[in-house]
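Presented sequentially are two complexes of subunit A, the first with subunit B as partner and the second with subunit C.
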Partner chain A sequence: MSRKLIFELSLEGKKGYSLPQLDIDDRAIEELIPGKLLRDRDANLPEVSEPEVVRHYTSLSRLNHGVDVGFYPLGSCTMKYNPKINEDVSRLEGFSKVHPYQPDETIQGSLRLLYELNKILCEITGMDGVTLQPAAGSHGELTGMMIIKAYHKNRGDEGRDKILIPDSAHGTNPSSAAMAGFQVVEIPSNDRGSVDVEALKDMVGKDTAGLMLTNPNTLGLFEEDIIEIAQIVHDAGGLLYYDGANANAIMGITRPGDMGFDIVHLNLHKTFSTPHGGGGPGAGPVGVVTELVPYLPSPLIQFDGQKYYLDYDRPLSIGRIKSFFGNFGVALKAYAYILTMGPEGLREVAETAVLNANYVMEKLKSYYDISYDRICMHEFVLSAQRQKKEDVSAMDISKRLIDFGFHPPTTYFPLIVKEALMIEPTETESRETLDEFIEAMIQIAKEAEEEPDKVQNAPHKSPIGRLDETKAARKPKLRWQPEE
Partner chain B sequence: MSRYIPNTQEERQKMLKEIGYSSIEELFGDIPKEIRLDRNMAIPGPMSEMELLRHMRQLASSNKHTGEYTCFLGAGAYDHYIPSAIDHIISRSDFYTAYTPYQPEISQGTLQAIFEYQTMICELTGMDVSNASMYDGATAVAEAVLMACQATRRSQVVVARSMHPEYRQVVNTYTKFQDIPVTEIGYRDGMVDMEALEKAITGETAAVVIQSPNFFGIIEDIEPIAQLAHKNKALLIVCADPISLAILKSPGELGADIVVGEGQSLGNPLSFGGPYFGFFATTQKLMRRMPGRIVGETTDKNGNRGFVLTLQTREQHIRREKATSNICTNQALNALMATIYLSLMGREGLKEVAYQCVQKSHYLYDKLINTGLFTPIFKGPFFKEFALKSSIPVDKLNRHLLDKGIIGGYSLEKAYPELGGGWLIAVTEKRTREEMDALVERVGEIAGE
Partner chain C sequence: MKVLEDLKYAKGHEWVRVEGNKAYIGITDFAQDELGDIVYIELPEVGAHVEVDDIIGSIESVKAAADVYSPVSGEIVEVNEELETSPELVNEDPYDAWIAVVEMTDSGELDNLMDAEEYEKFCEEEA
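Take a look at the complex of A and B:
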């Protein structure tokens, strides 16, 4: 049965709002705004009572899988538990009801929080300055790419128009580099799933602006040659950009700054436990080494020993990349998370995340193909090529996992692994949950051999069957229309 | 161990042993020794829940907020009423602990809500299609500019100086890295200077970008601007206040090609500037050039209506460096808040909010003018915000008001040096007659000093 849309619940005269009576004499609206600027026809918004609105969205919410509902091993997304106290503190009136343009003396609490978070993120990444303006990971990447461009330009080092990116990288990497006006050059991976150092040596040159790298990379493998890679890029005059999507593996173990990176973004909505919200809001703070601090977006938050203030006097800055001061409400939750964990806690996060991933990988290794048989970090990539021979695809396996109450892994990514299933358990899962997932994966591998149609037609227990994505794209229907 | 990590030390040891390792350290063997951190990070914590709460309360209490102060400050972030039900619904963890709905079979809640959101945005803006959201109003404008350049294959844009200064700054940042020159055109009577606009548009202009109501609160005359843009085969981008669209003619109806804006007014808290969300809508014709995620309707194998992410070949995870934008994570939960807000307010409620904004802002405008301490700066019609020239220095004025529990207006001089003494006042439906009268009275006090 199809579920109703909010518009299909609408009935003229119903209302879900209450507003006070206007307490001043009202004037004819045409007296205040010329009639030609006013609408002739109302926007067709629904008319629904409050209990109906609440029930409608509550019933919608129940069709979703979330971290609080069950295991969510979505690779590269770090779907860890979202602490509840952080939701509470973000709703304190002293945070949620503050206008961004209030005078400095009335926002000292917010500024101090952001200032302290900056310092903490510097220490975690080994950087010297941080901006909290970027709203998400790819926004941070874009910011980083702009900084690279501004840096070379300001030094009069013209002609550096290429960004090197491994073939295993997230799609946002090449896209962000292109958006900042760079050309993208793809570096091949070697047979260990790492950057091919020899190929890199041949590719760097006077046109190299920088290298974007995720480490551990999207295969969940640590780039062992990182010191040499950094040396090669620096010697060629380029800068190194660290995509922090996988920072959960290394907190307290090693730092991008120590590896030789010049610019780092972090995803507060991955590594630092802030909820994904069904696709945002996130936050993608960017950290840089001392030499690049002048290029960070404006304003920066400073402390003069007495009070916190916003510093706009930054002539080399790339400019502003978002209104106001970034996603403050997200930064606040990350700050609360870090204070809760402390330095040892964050290290335990990395250790446990890596252990959990290796535990699941080892137990599944004999049932699925694995392209690179190495110790993994916080995630690993299986290949369903063996199952594909029985005509069962990675997508089928993903959909079948839904029947066991699990969210599917990231499927068909990274692109360099055929039939890829990218699994990231995170540290917030118990051994019992991991064992249940392992059992389900083993059973599905058996089903693929013995009763493939069961897997091919999955899911069987979801609120809705497998959806026709081709139809959606061929004849796009992107909004509701009232029936004629 | 932390309370967020279920496995005990003992279990960790057992797990290690089962997979053939003797220590956690072994798992980090691929990391060269030279780059290992051989000390604890120098960061604060750990804190118990009680300690954390105390600390956070302390920080929060060193802010002043609109719960205890009366707010007449706007300039892009507004103190509108937020119905209680919104926070209850978005606090359902099936909504806020979910990821982007890549697996439609277990994400129908998020997907259907986005489909409803897209419909509402189309209704308000008068456009054919909407995406699932952008980071904020400023980046929505910037992405609209980049999209217009791609769509027209032109590489110059004309931006109204009457648009929010920070939005213009973000446009400048985004465009300068793609060598897209931006020409700013001035204002006359607080509205786009038509003569200057006519001169600025050329055969190379990809888009004209305006805001309405603009930064000064004034409703622009969109139609002739659209005509001028289209005469030159340029696109018109309008940045709009969604609340105003309940009563104002939609930009779509007036000829806009892309309509964007800041969505915070729709049920999102001020939260010191974020997270908010940007909305982004355009025509059928330009649909495939839109940045960001889009939800479309389809059916499952049994013919049931369902929703999926669609037109994904525009996006970075498929197209990589050729994508229409690099945006991935957006502001889904904030857009959900707006969806619930618009469902609760509905057709009549949103009109009533808009109507009260108009009535109250005009009431206060007249009262302030009548004090003799202020003169109008502009003549154009306004919606919920207006600019006055103050005979008292704005900083002094705002300081006095703050002492009396009022957050005063925005000082225009910061962003518009030519508007010395300019004071931008926002009046939402939340302001009462008593609060407005109190403002006028306090202003009188300072003049009498």
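Take a look at the complex of A and C:
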């Protein structure tokens, strides 16, 4: 197969189109568009025929790994299967052909769907109001941080400039807090992989704006002290933010609202089965308790008993954080998923996700190290420190898994585990698939002892071998450039 | 793992080389090995005042990002600008590739740091 870029396939004069005869007067482009908006060099688009274009991109697409192709145990990302009924629903013309600038009375069905999804997400999280605007989890986090800021400011409580975040947190947490203008303070984990409550007690104070927590945390462990943690933060005058990245573990079983959280984001593209790879798009709805509803982004979708409408009259709102209604198509797919599953189905999702993770962990734990030997939730973290002694790293193991047709787990995260391999099977995998993965992992552990170079030099079966990630980071080539 | 005799070491895996009142600060061989291939180093501002354990830089590798903490208090008087374009120097020779120089305000703080032997033990426990 040709490995050329589309630009390298280009030959001058080749065409993949023919335009109809112009039926108006031909005018120079300079007459129509101001000169400063025109490019001074040719765009240099590739000149190729239609079959060449189709073959080129179809070939590339066949090199992709996705959840429709194979197992994708990428920890913290919940790469579950995306049911195709979601796609059918999102293509219904009543939804797909509306425009957000239409008058409200002509899009009542779409508004009702968003309104109902809000209510469902409130019920699932134990919150009182939801915005569907954020386009991703981290966008939800930023929204949550802005709400915390607005809340304290409105109360005249100006000195609260610190957000507490555990050392096991997703990197987006400190980023979002810093982006919103907070200082980040790192809370240490204890030897059970949970928030060190005693340390937390010493860290809270009049400068505490809030705490961000993922529960279960990134080690796949449930924060058992959450009620006490919530109490400590609330007593100090701070708010609790729930990072919903791991909501797949608790859905239908417990709720952030019941644990004492004030603000929650969910990732519809993780927990609620909307497409995730290739940039999504995603959606990171944010739910809040009653006291914080006035600060949610505007507009909010309301129902006056007769019709659904957009409420802009919300003086305390942090304002708009995304155009129109967020990623409507994603909300639509999540809604379809929730109705398909029903309350019992959603609970079963969490139960099976947790069962699958524990099954794989139990089968692998005599071959790899485990830092915290506890029953895990929907994911778990292996450490390749044993293999590292044979000079086989977590990265080598991840690369070798590609040869078996599996997407590698999340590697070198969370940072508090050395040689970390974070594995999240999700509920949509069969026992047979899990067994195949387990067998591959056991074989790799054996190879690490007996023929380490086989693992160190993997992958062997992929279209190209090991990429030089260091060089890619140090001397990146970000786009094709013509030879001068 | 290489540990040099004539240096002082901090728990954050920084080393200090003392020249008069100046402290040259870098990260240890253990630290660079843990981080893996370094791809970016953020240096402090010359003239900034730092206290012990203040962040004086951050290091990004292919697998992680880590902060560099100052083992001593004082003023940043020099930074190793070469690392901005050649961060790999820290991987190649961590004890030569210093990150910043601090003009110390209290050289007594050096007594709180580890010597080579203590640091070697400390690393064994960490691993």
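Rule of thumb we're sticking to: the second predicted complex is superposed on the first by the 441 of 484 C-alpha atoms of A that agree within 3 Å, B and C clash if a C-alpha of one lies under 4 Å from a C-alpha of the other, contacts with A are read in each partner's own complex, and residues count from 1 in each chain.
Definition applied: a contact is a pair of C-beta atoms (placed from the backbone, for glycine too) under 8 Å apart; a residue touches a chain by one contact, two chains touch by 3 or more.
These figures come from a predicted structure and were not determined experimentally.
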Contacts for A:Gly205 in the overlay, against subunit B (first) and subunit C (second): which applies, first, second, both or neither? neither
Thinking of the overlay built on chain A, is A:Gly159 touched by subunit B (first), by subunit C (second), by both, or by neither? neither
Of the partners subunit B and subunit C, which touch A:Ala473 in the superposed model: first, second, both, neither? both
May I ask you to name which of subunit B and subunit C touches more residues of subunit A? B
Looking at subunit A, which of its residues have contacts with both subunit B and subunit C? 469, 473
Going by the contact rule set out above, which residues of subunit C touch subunit A in the complex? 34, 37, 39-40, 62-64, 87-88
Applying the document's contact rule, which stretches of subunit A touch subunit C when the two form their complex? 395, 411-412, 415, 418, 469-470, 473-474
